[in-house]
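These are the structures in question, set out in turn.
Two complexes, one shared chain (chain A), two partners (chain B, chain C).
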Partner chain A sequence: MNSIALLSAAKDGILTGSVYALMATGLTLIFGVMDIINVAQGILVILGAYLSYALQIHWHIDLFIGLLITIPAMFVVGIVIERLFLGRLKGPEKTAMSILVTYAVSLLIEGSLNMIFSVNDVQLQGWYVQKAFAIGSVHFGYIYVAGFVLAVALLSALYFMLYRTRFGVSVRASLADQTSAALVGIDVRRVSTICFGIGVAVTAAGGMIYGSTNAFNASSSYDLISRLLTIIVLGGMGSLGGAMVAGVGMVFVGDMVGVVWSPIWSSMSYFIILAIVLLFRPQGLFGKQMARVA
Partner chain B sequence: MKLNGKFLRVLGATTVAGSMALALATDSGAVSKSHAMSPIKIGISLSLSGDFSADGQAFQQGYKLWASDINKAGGLLGHPVTLDIKSDASLPAQVQTNYQALISNDHVALTFGPFSSLLTIPAAKTTARYGYAMVEGAGGAPSVFSLKLHNVFDVALPVANSLVPFANWISTLPASKRPKTVAYVTSNDPFTEPQIPVAQAILSKAGIKSVYNHVFPAEVTDFTPIADAVAAAKPDVVILGATDVPTVSAFMQAFEQSGFSPKAFIATAGPDQGAAFIKAVGKANADGVMVPNSWYGLAANKQSKKMVAEYIKTYGGTPAGVNGDVAEAYAVGQVMAAAVKATGGFSNSKIITYLHSGVKIATVLGGAQFNALGENPSMTAYTFQWQGTTGTKFVQVNPANDPNSVKIVYPKPAWGK
Partner chain C sequence: MLKTKFLWWALFVLIFAGFPLIVKNPTYTSIGVFALIYMACATSWNMFSGYSGYIALGSSVFYGTGAYTMALISVHANMAAGAAQFWLVPLGGLAAMVVALPIGWIALRVRRHTFVVITIAIFFIFQLGAINFSFTGGTAGLSLPFIQWGASYYNLPFYYVMLVVLIVSLVMSALVRRSRFGLQLLAIRDDEDRALGLGVKVTAVKITGFTLSAFAIGMAGAVYAMFVGQIYPQFVFDPLFDLSIALMAFFGGLGTLAGPVLGAFILESAQQYLTLRFSNGSFYLIAFGALFLIVISFMPRGIVTFFSDRRNKAAAATLAAPTAGDAK
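Let's turn to the complex of A and B:
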């Protein structure tokens, strides 16, 4: 086995895993606060990538500067989706119904993207997209490093918001028990709407990095959502820390197995770990043991 | 479960709107003109979304172009042709459902194939049960023909030998120029995997050592660690078994970031997607990249030239930018039209018998002549290469003794140079 390949795989796992963690954090935040499984998260990542693409192609706006536009834009998209479709879901079947509704939303967005951008693959461009620097024999792509820094910064901001702000207290209270939160005067509906917006807003950053490291079209969302869902299941549905650990862990383990053993086993290795964890901890690594009362 | 009216309205409206948007985006494109005779319906399942959507859409363009041409020429035996296209989302199970619905519900008279060997397998099995001929242009993998179904006819090149001209060229280079090492890395797809051992046998015989040989799962979303492992092995040649542009693009990006540029780089598919490939990887990076195929937009074949001109008139672009899928789909229509004309009707059993008779049919791809398994072994494999960084051209480079082949760019220029 080649030591450079091993070090490169470790580097790839951590850098790429952090971006997946960011995307999955949005998904798990939405589930934690709203009991909604947002299967549209994959297509929202792709929508975020296409927004960056449109800004770059039509207005020559740099990908990172463009985030100042795309993150708020995706926040608004999230608010609109929540207000139009999800806020109306009620009752014990809410979680199951949310899968259908968000799937319909994803079809709507996918069809629209296909109409606007066609199905031909595109990739985001920038001088830093292809270039890299070396530390020893290991090369670090600028875009991957920037993606890692961006993910860490946004996840830190999210944590700051959750643990250092009054709104964060409301979110955490809603995460713990929506009924009790409402009883102490928290506007759970408003918290839910904003959390959905935040969960969608992070896809702008995730999408920009994804679109810079992969050629994509609207259909790329299918591979993404399956991966994101498995991350939050491993981490524990509704657990932000779990999503981060599982996101980085999943990609890291897969990448290492791909080098040490064979790439054909990289995905399989993750699912084996997932199966073992769920065998002993059905709630995932950091999930709550008891079902929360809605 | 009790559902309130408001919720049902929301769900209903969302689903309908979503379906409408998808339907508009993936317009099934029925082609019809007012003719005196009743229309003849041809059923097709295509990947208008999902992993193969880019190829599926290109196939749709090819089928539509053929239908338009045949209708301008008076239709099939005077019947205007209507295409009944259902989207399969690149899912084998949906392909099966689609052909069942096309035959038993929509009562199509004829069927054309989907995109990819992976999807041709369920398509061929399903149509065989109903006794329909399955003429197709993208199911050339051995796994399709190993089914020994009597109804399958692939107009394109059998894929197993696609890399032979490339491997032969490498192995016959003078010893001073001949690469010493090669990496084989392929998706676990029925289209890509069978090509690798054939090339490997030729290169091994020429003394070229394999330094990396692995298969990766088709559902991989991050190719960087695999590409980094290939780069760490520092092979002179990289043979990549890919089915689409994103895979090739990801490997190229990771190679560039690793500071690794092989002397020769060939991918089984992706670079053949014309303008779509260039748009994803950039002109400068495409220089020197190769792909095997049996057709390209600048082919000398007269029928091909006519089709390319019509394509550009309809969809725009340049000859080099026309996706090979378009020609494969168009050729499917040509083979079926010839069979219908020769048999004087739409009897699938007669069409199957006719196509198994050894008859040679001229198509935009060249001659189509089927063996007992439905393969078209008469098709020649070529290697094509992107050349130049500004006036980028897609040219035929192998077999070297073919009059239409131009000088190959070797070694491949460094990425972006």
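Let's turn to the complex of A and C:
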């Protein structure tokens, strides 16, 4: 263990963490507006990655240019899922039911992906995937840096939309209180559908970066969703800023633990941190106070 | 009413006890063992999650704990392979309860939907632990002592032990449902704040319910380990297990006694059969996901609740009919 190893673990943590932050933001946005926990987020990331893969293999479309197709495609996928399965959920059991429904959707997608692409691991390719540049003795992989830039850009765009547009005002109003939002004339139903679409659309970008930095198959989604869920609980469910801080923070801590202690503890440290934080702050780091129990 | 219900359950036990005497094909009795495992687990899961409304999606933590208890003790205590190992089954259940207590203490401090997510996270801690620690044998898993029972007879002891475990879980579930404690769980499901206001010690009740529900799941895990003879972390700590028992309970009818048993029986037998028949796991995933989505669209409260609602409606209609006639 030396300072360079530490420094490069810190760098990895921040660069990879930003991508997780992006995917978790989509998840927490969906929860905040709709009270729906989208357990399918993990498999949707993988679906996004496979879309990029298919475009690359069949039409030789570059990964980043492919995003122009995959992001709108995933947006549509999100809207279809919301309209078909989630719109009919109502009442106090809505959140719990949404977990089961999205889990079933996720199984459906997992099975289909296994059939179409087989269970063998694949990885996305591009001239920038294996290349790196160095600053001092710390190496920066192009794809990691590009992922970081992409995540920051998309998160900024999301923030711009939420805080500078009229639609963003309706989203934030629905985040704060759905009933009141409906009372002042906001079409909460439409806002919900679009938010679900947006929350799913970010998985296209997240999936592309994930797929080019890891070998993946459909069952990688379990690892992804467990991390994403941990991130949004730690950040406070429904809190966008919390998802971002927790996303970067957890991957950062995980990588540091991996270097300082042992890789065995690296992914476990996530969950142990979560358990400790919840003992003292059950609502998560940036969560709203427990206003209601249900 | 109570008596007829009891007779139905007695008939149910009788049919299941008689099944392996009539159907001797090991393929089908093996399906029977798996169906019983899931029936017991879904019943036990329902005893906490169905009654209290706190959906737990990490129950394979208990299953895996039971399985590893069975495997580790039979390996390290140099036990003779055979019937004596069945004494470890209740021990597996107790070990699962010991594990459940601190988990409940951490996970039940939060709101209902956060609880779901935390149970998933805790599940992953256990899976990673089983993969990474050396005493669990890592990804290579653990081999239990080989049991030399003839192929035609091998499944039967497991089948009957599992039937006993299922009966234990059913009796526990029925007793909880009828007790003051069960009413408190239901009160928590309906309105936790009000239950608290009425003096229900909600935290203690939830933790107790959660811990009790671990017992039969741990026992089922222990039987599973002994039955298959070799356990792997990714099969005993399986996210699909967590989801399956929830879906089974849901499919049959959440919060009812018969629902989870029926749901697990239908879905697990179908799964085992389809896997044997087509040996394609992906097909099963698609079928399972699609079936569940269809059920949720048409019978959003499960099969048992669907039919009892219909019967109640029919009864209400026959009661109402004479009154309408009088009015003429």
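Following the convention adopted for this analysis, the second predicted complex is superposed on the first by the 290 of 294 C-alpha atoms of A that agree within 3 Å, B and C clash if a C-alpha of one lies under 4 Å from a C-alpha of the other, contacts with A are read in each partner's own complex, and residues count from 1 in each chain.
By definition in this document, a residue touches a chain if its C-beta (ideal position, glycine included) is under 8 Å from a C-beta of that chain, and two chains touch if they have at least 3 such contacts.
Keep in mind that what you see is a predicted model, and the values were worked out from it rather than measured.
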Here chain A is shared; do chain B and chain C fit on it together or clash? clash
Is A:99 in contact with chain B, with chain C, with both, or with neither (first, second, both, neither)? second
Compare chain B and chain C by how many residues of chain A each one touches, and report the one with more. B
When the two structures are overlaid on chain A, which partner does A:201 contact: first (chain B), second (chain C), both, or neither? neither
Going by the contact rule set out at the top, does A:108 touch chain B (first), chain C (second), both, or neither? both
First, second, both or neither for A:222, with chain B first and chain C second: both
Would you sort A:21 into first (chain B), second (chain C), both or neither based on which partner it touches? neither
Thinking of the overlay built on chain A, is A:37 touched by chain B (first), by chain C (second), by both, or by neither? second
After the superposition on A, what does A:88 contact: first (chain B), second (chain C), both or neither? both
Looking at A:191 after the superposition, I want to know if it touches chain B, chain C, both of them or none. Which is it: first, second, both, neither? neither
Which of the two partners, first being chain B and second being chain C, lies in contact with A:230: first, second, both, or neither? second
Tell me which region of chain C runs into chain B after superposition, given the options 98-106, 188-196, 242-250 or 296-304. 296-304
Please write out, lowest number first, the residues of chain A touched by both chain B and chain C across the two complexes. 85, 88, 93, 97, 100-101, 104-108, 110-112, 114-115, 222, 226, 264, 267-268
Using the touch definition up top, name the residues of chain A that touch chain C in the complex. 35, 37, 85, 88, 93, 95-97, 99-101, 103-112, 114-115, 222, 225-226, 229-230, 232-233, 237, 264, 267-268, 270-272, 274-275, 278-279, 282-284, 290, 292-294
So, in the complex, the side of chain C touching chain A is made of residues 53, 55, 57, 106-107, 109-114, 116-118, 120-125, 128-129, 132, 191-193, 239, 243, 246-247, 250, 281-290, 292-293, 296-297
In their shared complex, at which residues does chain B touch chain A? 1-4, 6-7, 10-11, 14-15, 17-26, 48-51, 53-54, 56-57, 90, 185, 188, 214-217, 219-222, 224-226, 228-229, 231-233, 244-246, 249-250, 253-254, 256-259, 275-276, 279-282, 285, 415-416
Across the complex, what residues on chain A touch chain B? 2, 4-5, 8-9, 12-13, 16, 84-85, 88-91, 93, 97, 100-101, 104-108, 110-112, 114-115, 118-123, 125, 129-132, 134, 139-141, 144, 213-220, 222-224, 226-227, 251, 254-255, 258-259, 262-264, 266-268
